[in-house]
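You will see two complexes here that share subunit A, one where it goes with subunit B and one where it goes with subunit C.
Let's look at the complex of A and B:
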């Protein structure tokens, strides 16, 4: 059965409504912070702003604390309410989503760390065009996945799942051209390696956004589409009304 | 009772893995079953199958007809003139209302356990032997063997083996309920109907009853009526949701409790207003 974003506020127990609403609110707050972390890490890199990069690394602790807090709330709901059906799927989706958001936070922190070493090296190496392009792409994926979560929008979630394939192919192309640069100018190897790590982190962020979108489809439709080829997905089952 | 004795030493048959509902063998087949109390409808045209060697749970709000349905399965309504029935119930393909059906034999094949334990005012042993004596079993050795087998099957033997001749009323509520199950098992039923079997019991006794249900599944078909949805979710293979005498949704328990098909089911199992 399909559910909507206000499905979880119709229980006879108002306290239960409140607990589930809190889970969603806290997840969105964590998502907002993680999205900002990615944005700041990329800005620190492109602008050579080491203070901003440091701040991203410090804020990672806040992201970790949020994950623990939300997971504790989920544990409490499971223990006290024994949720079923869409309530159960919401709690499971939130637990899974916090884990992916925390990892996106880790990837942002990695980008910040590499940005710091590039700032220290004092050179503006090749590959920034690719980084800028892919980062815009994956940030949009993260934003859309979170919006899909907030609105229970399976159509938007499905578009994020399909987006991930194009990020993967952009990543492969970018890596290939960076390899060429390294062969042309061996002195730049160390800084290009840092850029490669950053691209790798961005590609992983895309994978986590893809996971978030899959949880939205599980939450709303009860369909588990993990490990399914996006081309094999049944659009009608995912987007249609049941 | 020779079948009882030969079965006693047979290893418990393992129930086949949960199959598609369509592939399950039927124990009960209900078609167009309607029941009314004094003209007031309690069940409305139920058509469903209850699969063999599975636990099927019926859930629904008070007055939805789930206990009425359970009682219909061994013709307990025959004792009430106000009840009128339409439609058919078949047990293993045979209409249970056919004129040639012996109601006493039907109730031996389809045993029933009620909400409140109802041991007879006699010893533990005599409670279990009661049905056997009615069937004419007189030899003490045979009675001893079946009583032990039934108490063992009901996971009660170890607790009562030294007090077999004490009053059944001295047992705790949970033990009394298992004694009643042992009394039912002694006559070798094919089906066990359980009407809120654990609602008067403490949580530990409840878990013992649930564990017993799980083990009995290898030999019997079990039909459970419960208000406790977590209990239905824990012990049953299939769950049917009834509302106002109608079958709303009937599905594998795993599906019904994670992703029900209908809004009405979702509202009931998640405690929403409908």
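Let's look at the complex of A and C:
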């Protein structure tokens, strides 16, 4: 009797662990797609490739569907398994993460739409250097945040949080130069505005990567560091001997 | 024995209902503050009141703290009560809603910061009529979404979802006129850009109100209508005889 019950609970816990692993796997798949969307949107812009831009725009549906599917999975796990402690934090972190990934997907699709109007206008406006530079930066942030999530790596997560500040300052500088270009050449206002929207989208993607990184710290350490100034973070407490 | 156990479980269930009610109350308090932040940010802009703008900017901390507090409450309820079905959906809807309210707070604070730079520049630029109009529209959406949440009113929630489309088209029209003003008077580029950022923030607030309304439908009906075209929504299924 004792043995049967043990075997039974071992079976349940094995099944449960499997479900949690599946959640992570699906989140990573969604993350991979979203990363690719950002990369393709920027490539479409820089290469003037309107077909690629259209594909990014249309693929946004796939990202959205993934969010709904993963969220349903999370709800099922919560209802059936009633997880506690770190398992509960994992499920909640996944729910929060799908929301940020979905918004990164939205931003990629906005970039693609602005790329399309730039290609149609046949202009190669100023600001592409800045776009390329910042896009590489935020793509690295997204990639690192996802890796940190997959590996429960709080040190990598913290580096993403700190990275976000430098993206913000690059963004401010780039916006200032674009405004100068506009004033110098008012005929370019409309195309430079499109580039500004693209930069703004990239800056938002950086913010979402920052959020993803914060969830990693939450799920590993149980600390909610959203809204904490990165300079105020206590590295030892976060990275500690976990 | 039977009676004791019944009394005990009635006690727990009363306590549990109380906790769920508390969650809703706290969410409404956060919603009220966020609504006020949007209202004050717009008033600061239109009246050129830099003190009010500074207050909005500084109050964002309070909004952020509320989010963390409510999210902790939700996690505690999930861990201790292990809610199922509609109770689980309520807790998940509250977690999602705090995230949108926090982002509305961020947008209010962005509006306040742009209002500050406009006041400093001493300019009363074009586009204020549009800002006033769209701000009234999105504030109504936020208010209605919160009311729908408080009353589990899916009909009101659906009207908010449909409203978002008309805000989007007002936004596009307003942005187009602002671009024309810029071209006519390049010296006003910098101040018109600030107004554009404010409009963009308002449009985002409309999107968040739309999200809030979708959570109401999710929590009452168990339907996830995010990413569903409002024209494709089946009113009967949503409003049905609940």
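Keep in mind that, in the parts below, the second predicted complex is superposed on the first by the 229 of 242 C-alpha atoms of A that agree within 3 Å, B and C clash if a C-alpha of one lies under 4 Å from a C-alpha of the other, contacts with A are read in each partner's own complex, and residues count from 1 in each chain.
The definition used in the following text is that a contact is a pair of C-beta atoms (placed from the backbone, for glycine too) under 8 Å apart; a residue touches a chain by one contact, two chains touch by 3 or more.
Every value quoted in this text rests on a predicted model; they were computed, and no experiment measured them.
Engineer: Look at A:37 in the shared chain and tell me whether it touches subunit B only, subunit C only, both, or neither; answer first, second, both or neither.
Structural biologist: After superposing on A, A:37 lies clear of both subunit B and subunit C.
Engineer: On the A-aligned overlay, A:183 touches which partner chain: subunit B = first, subunit C = second, or both, or neither?
Structural biologist: A:183: touches subunit C, not subunit B.
Engineer: State whether A:193 touches subunit B only (first), subunit C only (second), both chains, or neither.
Structural biologist: Once the two structures are laid over each other on A, A:193 reaches subunit C alone.
Engineer: Quick one: is A:12 in contact with subunit B, with subunit C, with both, or with neither? Answer first, second, both or neither.
Structural biologist: first
Engineer: What is the contact status of A:68 with respect to subunit B (first) and subunit C (second): first, second, both, or neither?
Structural biologist: A:68 contacts subunit C only, not subunit B.
Engineer: Once the structures are superposed on A, label A:99 by its partner contacts, choosing first (subunit B), second (subunit C), both or neither.
Structural biologist: second
Engineer: Quick one: classify A:154 as touching subunit B (first), subunit C (second), both or neither.
Structural biologist: A:154: touches no partner chain.
Engineer: Report the partner of subunit A that touches more of its residues: subunit B or subunit C.
Structural biologist: C
Engineer: Considering only touches as defined above, state whether A:86 meets subunit B (first), subunit C (second), both or neither.
Structural biologist: First partner only.
Engineer: Could you tell me which stretches of subunit A are touched by subunit B in one complex and by subunit C in the other?
Structural biologist: 82, 84-85, 88-89
Engineer: Over in the complex, which subunit C residues touch subunit A? Could you list them?
Structural biologist: Touching subunit A: residues 61, 64-65, 67-68, 71-72, 75, 78-79, 82, 84-85, 88-89, 92, 95-96, 99, 179, 182-183, 186-187, 189-190, 193, 200, 224, 226-227 of subunit C.
Engineer: Which residues of subunit B touch subunit A once you look at their complex with the stated criterion?
Structural biologist: By the definition above, subunit B touches subunit A via 229-230, 233, 257-263, 265-267, 269-273.
Engineer: Can you list the residues on subunit A that touch subunit B in the complex?
Structural biologist: It comes out as residues 1, 3, 10-13, 16, 82-89, 222, 242.
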